[in-house]
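If you scroll down you'll find the structure; I have some questions about it.
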Amino acid sequence: MQSRIWIEGAATREVQHMSFELMKSLRAGLIGGVVFAASSFAVLAQETLKIGGLGPLSGGGTSWGLAAQRGMDLAINDLNAAGGITAGGKTYKLELVFYDDLYSAQGGKAAAERLVHQDKIKYIVGPVGSPPALAAISVTNPAKVIALTNGYAPGVLKNDTPDPYNFRLYNTNLEFGPPIIKWIRESLKDIKKIGLLAPNDAVGQAVAKPLAEDYKKEGFEVILDFFERGTKEFTPLILRMMAQKVDAFEFDGNSPGDAGLMLKQIRQAGFRGKVFQVGGPAVDEIIEIAGPASEGFMTYDFVDWDMPKAKLLREAYQAKYGKGIISPFMPAFYHGVYLMAEAIKRADSIETDKVRSALENIDGFDIGIYGPVKWIGKETYGVNRQLMMQYFFSEVKGGKIVKIKKFTP
Amino acid sequence: MTTPLLKIEQLSKRFGGLQAVADLSYEVAEREILGIIGPNGAGKTTAVNLVSGVIEPSSGRVFLDGRDVTGQKPHVLVESGLVRTFQATTVFAGSTVRENLRRGAFRLLYPGFLATLFDTPKAREARARTVAHVDEVMHWLGLERFADHVASSLPYGIQKVLGMGIGLAARPRIILLDEPVAGLSAEETDHVRDTIRLVRERGIAVVVIDHNMRFITDLCDRVLVMAQGRELAQGAPRDVLANTAVIEAYLGKRYAKAQR
Amino acid sequence: MLEFLSRLEILLNPTVLGQVIVNGISLSAIYILVALGFTLLFGIMRVVNFAHGEFAMLGAFAFYHLTKDLNWPWMIALPAGVIGVAAASLVLEWLVFRWFYQRMFESMIGLLGLNMMLIYGGVLLWDTHERNIPAASQEVLMVGDIIIPIDRLIVVVIALAALSAFYLFIRHTRAGLAMRAAAQDVETAETQGVDTRYIYKVAFFVAILLAALAGSLWGQIYAVSPHLGERPLMMAFIVVILGGMGSIPGAALGGALLGFTESIVGTAFGAAASAFLSFGVVIVLLVFRPWGILGTPEN
Amino acid sequence: MTQATRITWGVLAAVVLVVWPWLTDDRFLHHVGVLIMLTAIGASSLHLIIRTGHVSLCHAAFMAFGAYGSVLTVMSLGLPFPIGLLVGTGAAALLAATIGPIVLRLTGKYFVLITFLFGEVVRMAIVENVALTGGSNGIFNVPPPHPIFLDTRAYYYLALAFAVFAVGLCARILGSEFGRAMNAIRDGERLAECSGVPVIRFKVIVFIIACALAGMQGSLMAHYNKVLSPENFSGIISLNLVVMNVIGGMSSLWGALIGAVFMVMLPELLRGYVNIQHIIFGAILFATMAFMPGGIIEAARRVKALLSAKPDASAPPLARAGAAE
């Protein structure tokens, strides 16, 4: 049973910060009562440009939403520290307004309605998942609001909207799947049969079937099994696959926590073959859960923490939010804010029509996290609104993630 | 001889291994008061439940006015003129006396779902009739002065009378009373007894269950004595009281011997 | 039908069968632990504890912090954490639970509120990502072709030990006897001189103890997060209904049934089938025998 | 209240409901208005079931039947929205007629449980049936009932009309002799049956009507959101509807309506307190059930009783102070 009980919910970042501070102090000392602190309002000399953010802040997807919110928050701090952004002769300080999308269509719509129509926000990064993304763009597009969404469902880009204002923030498995699978076929030659385990939630269902098709196209035999989300005991499913003599397991579409558990249980069940995931890049969390069982695990990955800006970002994150695991949504949403800011600067205007065309022509933009990025997607979705950046196939060696193959767009 | 109003034939009920009621047979004529008496656990309440359709008998037959009504649901039996009261939950505790009786008069009141939804003339007419009928029942049972009192606030004895009133509001031909005087004072018991006599005067037959010997013998035309689910004796109160088996069941074997 | 039989064939493989059984036992043991406390609270206080899973969560976090931050060996950390959580929870008994004794409906909704408070309090305190309690042992035991992770084996042994201790407690101690009397009929127990307020506290302590232990073991073999309690709660609820609400042997039987169903059906037919089947069976059972397999009907 | 003041209040309420969207151009407020109207349909229809003494935890499953029935009729068969709405409502009613006679024999916690499980089974069936329902990702690009309803203000009036119909129907049923029988069933099922009320049949009728209204709400919600996915019909949504009734007060239809307004507005009022918001909400649930199980309605009644119990001004000040305690 999920414990979300809202028809809709909302958040602003101040309180998230506050609660985070609270968390730290609680962790440090005795558990006291809940302390309410009024957030102080800075006196603003410049004009303010609000940037909207959407992601789940309650329920099972909370860690994704928090990562998105923190990434955006760090980006806005960095941009403001650098003097804000200048467009049309005015300098704007950025301000984040982040709402909970509940990871559902209804929540996504409600949150988007509020951002667009009450807060009059023109630039949104998010939502994180397909159902809220699909609902949110039905609000943002008619209002000519630019939205950089996530959400793997092709419909986020491929739909009947005549004049869309939404883009997708990073690669989906339609982009990175085929090249990596081709590489697997060429490099890991003794793998013939692959067992694919995915949850029957929105992510799993959107990801697993196309992925299975991609594997089949490369000549692999695939066994696909969906499980009810919330399952923690995967051993029966693993045994079933092992009895069918799979050579490798594939985890894409699972939350990192579940993937870590599966990895642990696969090794405990005595499976010695390869385990990998073409997608779902949160390797740190998988290693945390699976422990020593994660050795040799291979994964898709799109953040190169060795890049100069990425290193700084990681330090800034740890200084502010502690040394916990960093979800890849954090740099992705950080990057999204920068993308939006760059487009506004280049358009030299805050009119969304102009910003949209500037954004469309942003190919080659590089802030030092991903290397240069570009828009693709004409063949797949009919529009060039799918961001494409470098990505990797990595392997866990000695508890560390080691890149074994780099793919550049 | 006319057909009896209520006729029970060889009624039996088993709960798992327990024989709650076995081969029970009796008849009730129009305007008759039949008492069913027996020690605790004799199966008296089960006997009422079986007849009123609250539980289904394992075997045996129930005839109402010559018609086989075995196993019919309580609300169907109400349509045929058989109502009952309960030992514990006799009234709708949170409602007024008037409301209690109006609920009891459901059979007269309810004109069908659509009719009540649209408040058709038929529905209005039914309502007017019920209001009059409820007033009449209150008058008859002496409940008028409590009309707007909440049932749970009334003295226990009045609640028992109200419980009967709920049954009588449905205009029955026979009413089954399950321990109507349990827990009442002697004075209240007499009041209930008089009320039951009033009911009979209205032409309604009564089956009354109790273990209060004095109350039953005072009131009833005939008495049926039960023990361990079976009939022990049946007949006029005086004859039954003289029956050795009954004395044994009630007062113990030793007492019966001493009397002999 | 052929498809059906061919799927069952998997179970004939001795390696698979052995593992299915080991899994069935460990799943059953955890379900029983959670369900026992749940059914105890219901049986004695008529409280439907929808916050039960969160005590498992608290137990898991206590175990996590003691092993990971304080580096206590798990053999000390486990009992210390579990008893600590159960003792600390007596505050909640005083603040929250006592208002709901003998008020079934109110307890359902009110404790759902407590459930939310605990989960989101946990999110504030611990963030949402999942954590891992280091395995007690990485080794596996080979019995013929059957592979048994030692980690799992330890969990099974602890769970069985706790269940036996619980059995002895309920059968052979004065408090246990009083609890059984109270579970049958509170009013009668009271007239017989049972101090119900005391019994409620003991029952609450024991129930939370079992939940916290189940949570710790759950966290040990799976993972720890503020949302940990949701699944155990649902399972406990189903187990208890299956076995009969308030019935202790019923909880044991229900837990074993559900654990083995999940293991066997999950292996032969996949997870979705296993979920549909357990729900379907419980629905059918509710229709025909709402008081559960070993419960008694209420009037 | 006299007949005249009652009518005055009614007219005033009607005017406010119709006019307020024109007092603001904030589309978000209009959106909240739509949500309140649609939620009121669900809450008041569930209230009907609760009034027969059954707390159903699968109301969202019937909303799902309404939503998918309607959307599939419109999108796959190409039929107009009114037919979709009818099909959706009918599908929900049919489902209720099928399971009602079975589940309504159970009472109390058993009913709560079986409906919870049933709701889960429906949700799982939607998730598994990817070909028909789009699985977890659901169906998107759902067309509005008519292009003019792309405007939120227009949709508000559509939702208002249906809400008035649904709430009016519920109020009418509760106020009729049928409602009297429902109260009798709730207060004493066996006694009601022995007074001639066909208990099961009446419960099934109530269940069918309530679930059909839930289906109607589901259909309207889907065509408003333009996206539908199983998340919108999970047990949490059903639970929300129960909570609305509980917080508002289960003794009267007003409770359901107040609860609906409260539950839609509360997150807005607490905006910004994301996780703390859930904690506060949990605390409200706990406090309501522990100390005020009659909900807001009962609280209001008590306050009113307290006010009317105020002694008249001629009483000595000390006595007045005492009475206010």
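In order of appearance the chains are A, B, C and D, and numbering begins at 1 in each one.
Heads up, the rule we're going with is that a residue touches a chain if its C-beta (ideal position, glycine included) is under 8 Å from a C-beta of that chain, and two chains touch if they have at least 3 such contacts.
None of these values were measured; they are calculated from a predicted model.
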Common contacts of chain B and chain C?
-> D
Using C-alpha atoms only, the most centrally placed chain is D
Furthest chain, CA centroid comparison against chain B = A
When B-D is set beside A-C, which has more C-beta pairs in contact?
-> A-C
Between chain B and chain D, what is the gap in Å from one C-alpha centre to the other?
-> 41
How many Å are there between the centre of chain A and the centre of chain D, using C-alpha atoms for each centre?
-> 35
Measuring from the mean C-alpha position of chain A to the mean C-alpha position of chain B, what distance in angstrom results?
-> 72
In chain C, residues with contacts to at least two other chains = 115-116, 119-120, 123-124, 272, 275
Spell out, as numbers or ranges, the residues of chain B touching 2 or more other chains.
-> none
Send over the residues of chain A in touch with two or more other chains.
-> 1-3, 5, 19, 58, 200, 226, 228
State which pairs of chains touch, listing all of them.
-> A-C, A-D, B-D, C-D
Please name which positions on chain A make contact with chain D in the complex.
-> 1-12, 14-16, 19, 34, 57-58, 100, 102-106, 108-110, 113-114, 116-118, 130-131, 134-135, 138, 142, 153, 155, 159-160, 200-206, 226, 228
Residues of chain D that touch chain A when the two form their complex | 26-29, 31, 35, 39, 124, 127-128, 130, 135-138, 140-141, 150, 152, 221, 225-229, 231-232, 234-237, 239-240, 243, 263-264, 267-268, 271-279, 281
Please give the residue numbers of chain C that touch chain D in the complex, ascending.
-> 48, 96, 99-100, 104-121, 123-124, 237-238, 241, 245, 272, 275-276, 279-280, 282-283, 286-287, 290
Contact residues on chain D for chain B in the complex?
-> 172-173, 176-178, 180-181, 183-184, 187-188, 190-199, 205
Parts of chain C lying in touch with chain A, wherever the complex brings them together = 10, 13, 16, 19-20, 23, 27, 115-116, 119-120, 123-132, 134-135, 138, 140, 147, 149, 151-152, 218, 222-223, 225, 227, 230-231, 233-234, 262-268, 270-272, 274-275
